[in-house]
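Here's the structure we're looking at; comments come further down.
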């Protein structure tokens, strides 16, 4: 066995650099802190690649399956004899894959930000937060147990909060960061409850024992407990709520568009490539448990994923802020991944969906990061987020244009680019499992192609906009990551994922099923064509369509009013109908009772002052009559 | 024997009637000097009762100290502080009601309790009360000796005297 | 001189020294030195504790010292510590140390201020080392009373009202408490023999169940009032709002812990049967506390009120966990006490520092302070994150231990209320973020704020001490958790034996 | 000496006298008359002592001596009381009890 | 009668001699040198106190009329100590011009009332008890009326003497019934023959009313506040501390020795009275402005606490009562000492006048605060121990609810004590009482109180000793 204990360094390096930059960053030159952070992440990335190589190619398999390797483990806290939280590194195909994704994208973003964030106030802070995020995300993917995962889950949440709120003087950024945190926190509540139920049932947090398909953990709690579902199903549904929150699944998606208030590299890293897929990763992590003990849970996952992807795609067609379009696109793509795992079953070819989902996660990370970084370059050039301020940019930004186009083609599912393969596998799995979902996803594929090319044409073609100062291509630090990711987007599809990352660790024979692929290609091209017609030149078609489907359009444009609903729930219900009454009750009932007791005492004190009248004869009367009354009391009433 | 007994009864009825009536008059009379005189009569009747019970010494003390001393003191002070013929208005009704409640209730309670109790006379033979015995008791310090209280009362009287002086003393103005 | 008594003696000596000196600077220095020594002593105590345990000393209490005091009533001065007390002592010394620095610039009667503050702390230390209910109660009241003066003289706002309310409510609580303690005392020898106040002795006997039923509620509520048990918590918002910085720190940070500690060390430990029988009532009350406090905090406008309500919520969690009566939950309760102590002290310290600059505590009058005072801003964010249970900071460890522990209970009732309590983490996030957002972020509302300075050196000492403690527990909780857990074992044993 | 007058007669007489004193104490306006009422009460107690002594415990003279000392105490009390009352008269120009209520509540 | 007997009675004898010496001094010192009597009397009393502390022999004299065991010896010494403090506190007042002509009388009256109390404590029969009581009361009225040009003082005097006369008449009625039903006035005989017959119950209640008057238990307390307010401050402190303390001692011994057979009657009685006393005392104290009147009501409430020890009816109960009185002497005299110093220097005795006192007179304020905390029962000062032990005594007998009521009342009492603390430390004042230079006797007196307040609690030997001499039923 190869010794993997060095892998603990992968998360530790970023946190070490976080501390350095965080504590001393304000004293050093900004660029230095950026370079330090980038260096740190490069080391981590190199280590990750090395680990991946070692794991996939230099580790012996048992019965041909990749094993879960506990590379490092230390007890962090003991709850009970059985339940203890460890900190460690668990290597298995998906975690190793995630290592690659996280370190790669993170490194790219680090490099990209050297240019993008140049001259920003708080440059060092930005790099510190990036390092913190990298640490948290790495910790999450390497978690050996569900509690460690939860811990890092929270940490990525807070890193995301910090980065979204990076421009803390901008009220919109502040409220977006708050929203992101609170919504995901709410979802995490579900996650936590899920963990509590799960651990109560199975008596363990540990992934290895949890997912051991022959173990005791997986078999426990399968009896029907509540509303026709087993305890295990409930716990996993709760866990999935956590995942749904992080991955912006309907209806917990509302934070994601707003999260675009953060700097664009952050959006690329956190809100496109890594953190938001944590939900998928979570389900994948617990996949054996889902598949064997709680298939109903998987159904929920599939439907939520499917609906979210449709929902997001529809909205994406109407948005003008390019980052928001990308955000909804992300949501939609993650929906795909969810569908992938949701329609999958454990082991063998049944596990195709799982594999496809992981595959798509990988490819999506590449092209979505590319899209965001490209968008960043555009924004960098025109100083605006809004599509209507753009047009004809292909002349000014050649590299960005090309790379962006590649990304758009990829996401649209054009054959032989990476996403073609991964999306196709998902559709195939869905096709075999659930036809309804399959057709929805097929439709979404078309929508995806449409809105991405709407974006593309609107930015790079369309009318020539007059710019205050001529947009110019981004510096090298920004374009190198673009180019790297473009290459990755093209070729990532050729990685033999079905051999490496599968539900049971055994290699899988996957090939393109043309019965599924052809419709998807057609739908994709259809989407592109429509976009071409509508947006290649400035036309009035969009308005016409918008006004003819007014209700749908307005609804989608306003994101189906979900923000307003949430606002209503939080502001009106929680704030006005719960908290205010509670505060009022506290002041005017509980506290008033206490004050009232004091007041009554005082009032009584004044009431009885007449007893002390100053009249000695009255004193005598009280004296004598008290004596007499006591006499009567004790002679007649209290006689023994 | 009959005669003596009935005489005793007559005396008792006389004295007790006087005591009760004059007591009430003392506390209700609206002329202060009359009240003092009624008090005197009560005290004298009381000493009559003592005589009747053969406690001549006590009766004498009662007459001299109480009737002679205290009442005279009271009358002096009345003269010092009020006009002799002053007649005060009747006390407020409320006060009367309070007083009546307290005293009637108290009297009923005490009398009721007293009457319900069966007193058992002591078995020791009666002592002949004479001056000799009284004198000896007052200076003996054994059981049934009253030397200590006697000394104590003397200090009390001295202290009372000084107390009275202190209250009455005037600063000499130069 | 035994090491434990030093914890009471050092503050007293410090006070005497302060009385002798003349100027404020010396006063501060002496306070700082005295409390610094106390802090070192606490560190040494932890070291000595582990040394002793590692040497194989498995006594329930270590460093015991027993002096007969009032022989007729069998009152002893008995001190001794287990891991729990050691932890609480460490907490106290950290908070007091930070408190001294946080009140560095008290310029109105500084001497008197520090004397009261340190006297208060000696009461707290005494409480934690006591093993005799009498001395425990004595120190308890010693700790409560200086509070009146501290709030009344150095407070702000309706300070006299608040001080009086606080004192009277706490004393009203100690009325219940005293009856409860005396009840325990008078029932401490059901099989004959001398009555005793000694906790360890009482723990060995079985107090008749009727007596337990009567005295458990009294003792628990008595301590609970100090631990801000709903509906007896209303002294807390007013008190905290009016108290000067260091006092809020000490009060929320340490004094409220006396309630939790006492509830568990006396009420539950000594009256286990009744605790099992009646705990459901208090579990409901405390879970109300947890949620209610959090909701109450959402709409408050005054920083201190927000924190006070947040304390109600967090301290409610302590009592909640204590009532679960299993090892994990109790372990969590102790951790929560320490964690809440540290972070709420940090909060109040920061609020004091911010108030000292902006002269307002209303969040809607502030904004964008992060820009002008980054150090304080960052510290405030850290405190907030600790409060909402961010992993890596102490709050998370404590809350999770509580939740996991409580959820291990066999009764469905307990698990359901646990979920109710768990939901507080979201509400907490809401109000913490609201405050952080309104206070530190966004544009600066008042130009006058631009002139403000960031933290001074003494303020930094105060803040950094607390943050370090918070982070230390949050990152490496195992030693602390084990220290507490091992000491809990005898208590759990007793609780389980008592179940028929 | 035996007599057919039962002891209860004495006791009832004395009780009536006592409570007449109580009535006087509560109702009279003049301080001196209040003092007189007190004397009535003391005197009533003396009668009770004497009656008990004579009827029940004639073997000793405790009641007798008690009464004797009560008389002496009464005298001392009266002396001081009168001194104070005269002092009141000087201060208030009146010995109405209802005026001596400057301190109350 | 022999030397030993004299030694046994030395408290009373020495005190009598001192009284006579002062009387002689009064007669022999000419008018200009009257103030010398102050030092003579104080020093003599100091000597008396020291003599009192010499080791004791237990014994019974005068055919059981006079009992002196260690218990009585201790009580008398406690009283002596208290009186000594009172005397020291009175020096400044006596030196005032208007008192010049009646200095010796003050001492004579104080000493004779103290003598009365000591005889009460040592009494073995109701006769001695009664006489001691009167000796302790009648001159007291003159003391209350001492400031004869102050109408309040005269009013206090007349209220005291009339109420006292009335109460002693009721007490006598009780004693007469006790005598009638048991045939004796000697304690030991009465104790043997006492039962719960209605007449004996009535007799007890009448007797108790008289005693309750002295200790000012509600509802027999009404004279207290007016008399305390009107009397000169030092007399008030004497009344509220020494006189009350002595009466409490006696009540506890009489209840435990004489009336122990009817404990079933007096325990519920004490219960009722205790609740009434504490509550009413506190409710009245809450809104007082005059410091003397305030302390008067507070001392009424304190008396209620004493009953908790009595109701415990055990060794611990008696110990706690004595111990509490001991502590109470220091605490209350400390408070009165400060009030007196301030009054005679500034003529101010209202709570409002105390506003901001700490800023001009920090030491006095601190002493006052300590004393008040001790009264309120706040640790670490002695009052806490006193109260705690009382509560323990009651709790041991199972009176938990009574203890609860008591502690709640202690909370109310804390409220008004804190009002004074608040006035001194927190309230602002435009015209605070100027700095006061305390004369040295008063300083010594206050110092004794402060030492007492601290030492009595921490030094458990005192309690231990009292335990050894106490008894229960």
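Going in written order, the chains are labelled A, B, C, D and E, and every chain counts its residues from 1.
FYI, a residue touches a chain if its C-beta (ideal position, glycine included) is under 8 Å from a C-beta of that chain, and two chains touch if they have at least 3 such contacts.
Here the structure is a predicted model, which means the values were calculated and not measured.
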Target chain E, source chain D, minimum contact steps: 1
Where chain C and chain E overlap in contact partners, by chain label: A
Chain labels contacting chain A and also chain C: E
Chain pair with more C-beta contacts, A-B versus A-D: A-D
Most widely separated chain from chain C, with each centre as the mean of CA atoms: B
Farthest chain (mean CA position) relative to chain E: A
Most central chain, judged by mean C-alpha position against the global CA mean: C
Centroid distance [mean C-alpha coordinates] between chain E and chain B, Å: 31
Distance from chain D to chain C - Cα centre to Cα centre, in angstrom: 65
CA centroid of chain A to CA centroid of chain E, Å: 77
Interchain centroid distance [CA atoms averaged], chain B/chain D, Å: 6
Residues of chain A touching at least two other chains: 609, 612, 614, 616-618, 620-621, 624, 627, 631, 635
Multi-chain contact residues (two or more partners), chain B: 95, 98-99, 102-103, 106, 109-110, 113-114, 119, 122, 144, 146, 149, 153, 156, 159-160, 163-165, 167
Sites on chain E at which at least two other chains make contact: 127, 131, 134, 138-139, 141-142, 145, 148, 157-159, 162, 166, 170, 173, 177, 180, 183, 198, 202, 225-226
Contact pairs between chains, per stated definition: A-B, A-C, A-D, A-E, B-D, B-E, C-E, D-E
Chain A residues touching chain C - in the complex, by the definition given at the top: 26, 75-80, 83, 85, 147, 150-152, 154-155, 158, 165, 168-171, 173-175, 177-178, 181-182, 185-186, 188-189, 192-193, 196-197, 199-200, 570, 574-575, 578-580, 582-583, 586, 590-591, 593-595, 598
Chain E to chain A touching residues, read off their complex: 158-159, 162-163, 166-167, 170, 196, 198, 201-202, 205-206, 209, 213, 219-220, 222-223, 225-226, 264-265, 268-269, 272, 280, 283-284, 286-287, 412
Interfacial residue positions of chain E with respect to chain B in the complex: 1, 16, 19, 23, 31, 61-66, 98, 100-102, 105-106, 108-109, 112-113, 115-116, 119, 127-128, 131-132, 134-135, 138-139, 141-143, 145-146, 148, 157, 173, 177, 180-181, 183, 197-199, 202
Chain E-facing residues of chain D, complex: 18, 21, 25, 31, 34-35, 38, 41-42, 44-45, 48-49, 52-53, 56-57, 60, 62-63, 65-66, 69-70, 73, 76-77, 80-81, 83-85, 87-88, 90-92, 100-104
Residue numbers on chain E that touch chain C, as the complex places them: 315-316, 319, 373, 378-380, 384, 388-389, 391-392, 395-396, 398, 400, 403-404, 407-408, 410-411, 414-415, 418, 421-422, 425-426, 460, 463-464, 467
